[in-house]
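The structure follows.
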């Protein structure tokens, strides 16, 4: 797991250099913000593009751009908060709002950057307090599905063995 | 700030010993869960009881008990997730649901156990993505109010100087 | 308390006769639906008009009319569910949605038609399960406020003594 | 597209005459409100009844009646706001609340009365601001599905060619 | 139907005796709370365990425990409110929050303990007022599905005839 | 009122020229996006800065920047949807989500760019259908407050007479 953390940190560091993060924020171009967003998604998604984002580019190019430049490029690449905590806080917010499909995507990112299954479960359990049991239970079901998919994908790899 | 972390960790550790956390969970009495909840609230609230919880005891004793035994005693004292991350995830959930008053209470707890103002601001900024700008802006206003209150309280103490 | 139930039931019965409920529903005029809504509000509000509804008539006559003809005249006067259960279900829905001000109004109606304070408290406590603790706690605070106002009003009446 | 606008406007005009809209609102019968609602649904749905509404008539006749007489007959047929703006505002509200299935139905109505695909996409993009990215993205996916279905239906018509 | 009411009431009474409800609440162990929760679920679910709860025990044992000990054992077994009213209020809350799947589960419990189909329909119709038409319509569709499933299950029993 | 429309349209046109909207979107700098956002807020707010936004700049500079560069500069300045429709759709979304304070701000902008009071009232009335009566009533109260404040401000101007 430590390996993933290192990879993703390096990916972000490289991307930030490339996107010229050192220049004043206000002189950044949207092209640079998009590149930073692309680097963030790759660091969160094991180097692969995000399927739902790619589908959006066809019919909703400006919504896809906002997701990439703003949500990922501006928000998700902010300093001052480590990536694991931001991901767990996002998981809590998606679960509390009753958005289990989005929670599932971000729980996958969280696992990719080294968050443990147990930490995700604790955050989902905590959601019973601010948002009630249905939202927490729906989130737990989405996480169970995610974990099963990842185990299935792992066991299909040559030499892959489930943990 | 590190001082607060240590205090609170010690407080929880002492409480858990006292409440017999080492015994099997299912043999715990509600009395023990209430004691653990009380220890949690004191560790989060600088040793003081939580005013809203105390008011609830009069007319809603069972809701107050559920808050103390379940929300604080069962959920907030869980292992496997550090207290700072749980608090930041809770802040994200309260903000995303449009509950700025509850977010403010938990942001205060977060500050008490060593979360920085910057970390809280990053979580609130992140809330624009899952929940939109009104919820994030309302949370930012509640946090500004909290920070002002804490500065005012600090400057009224003998010898107190705002940071 | 039984006195209130009888009064309100009689009030509704008289109103329904007056509004011609026995005619086929589809031949009712909006005038008749408004009269039935007015009878419902009087039976729920101790014979007095509802202040917020009256204020709405000035600038939002059609929203006031929809509230009176549809919400009160059509929905609240339906048979097949006793009025106390409908009121408690409405209190649960308003509390779960995070609308404590509307919950407070309907909790007052519930008390007026004979629902006990304890029943209201149990419904609010139950709301922790579907909707989490902030919504239930906010509802408990609105109910405490309502009960205090009613006690204050009662003690100001000549010969009035709080229960 | 202009063709649809004209048809629908004429449909509403005829229906209003038929339903006696010129008489005082309070003397309207529910029968007249239902007829107006039926005319509205036909003008929005290319002359066809709304399948989900028809299914509701069996087990939930009073909910179906409320939808037809109140939501469609009272609200959707109001003057003072053109139908296209009301439809776009409704699309925004359904999307912001996390109800993509209902948004899809009303986006279809909007297209039927001459709203352009681009206008719908702009409203959905705007939803990121009040309600966050998940709600806007879910709405964009529902709209993409709707547009694909309409293209498929069009290409299956004899002589039909997708735009 | 009266049969179900009696069974469930007796089931709860027996369970409460068994769980030692007469002892002071604060000396209850979590084991006792879990047993009370199990008795509640059996009384609501015709003696059978709840499938979704059972699945949760594998990966989310503490969320399953909280559901059983807190939601069912503490909240659902409270005195002062009859079980039918609590169930109808819960149905209203789940429907108003946009959680039709959870509403369906609790509507099934409600039918099992003697609530009539008509009462459930009236509560769902009422939800249009606090929460709007999409939430009420989605709830009506979930209830229609539940009723169809129950009729299908009944007609497959030897000698079973739909009502 | 036509005067305001013209002014605001011209303001936006000038700003877009200034911000170089004609260049490819991806080469825009954040500085340019901020300038466009500033032009949008001035065109919506009668040339004055938005007080809540200004307060945010102190403690939440990046949230203020996101509001100005993304919400106003990117979303609110989009072509393909006229500004009045976007404003009315935003009013519907804020009202439906239970955010009357934000709805009030945007209703003020809508009035400033020529939307009529009647159009705002129709949108708020329509909100009963997707979101229920409490959200629509709360929005109607916020609008009434806004209209009273604007009348009071107008009558305090030298020579000012309320309409």
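So that you can tell them apart, the chains are marked A, B, C, D, E and F in the order they are listed, and the count of residues begins at 1 in each.
Simple rule for what comes next: a contact is a pair of C-beta atoms (placed from the backbone, for glycine too) under 8 Å apart; a residue touches a chain by one contact, two chains touch by 3 or more.
A quick note: this is a predicted structure, and the numbers were derived from the prediction, not measured.
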item: Shared interface partners, meaning chains that touch chain B and chain E; value: A, C, D, F
item: Set of chains whose contacts include both chain D and chain C; value: A, B, E, F
item: Interface with more contacting C-beta pairs, comparing C-F to C-E; value: C-E
item: Interface composition of copies chain E and chain F: same or different, split at half; value: same
item: Candidate from C-D, A-C or B-C with the same interface as B-E, over half of contact pairs in common; value: C-D
item: Between chain E and chain D, distance of the C-alpha-averaged centres to the nearest whole Å; value: 36
item: Centre-to-centre distance between chain F and chain D (centres being mean Cα positions), rounded to whole Å; value: 26
item: Two or more partner chains touched - positions in chain D; value: 62, 66, 70-71, 75, 78, 94, 97-99, 102, 121, 125, 128-135
item: For the chain C and chain E complex, residues of the former touching the latter; value: 71, 75-76, 78, 80-81, 84-86, 88-97, 99, 102, 118-119, 121-123, 125-131
item: Sites on chain C touched by chain F in the complex; value: 52, 55-56, 59-60, 62-63, 66-67, 71, 94, 97-99, 101-102
item: Chain B contact footprint on chain C (complex, rising order); value: 98, 121, 124-125, 128, 132-134, 136-138, 140-141, 143-144, 147
item: Residues of chain D touching chain B in the complex; value: 128-135
item: Touching residues on chain D, where the partner in the complex is chain C; value: 25-31, 33-34, 62, 65-66, 70, 74-75, 78
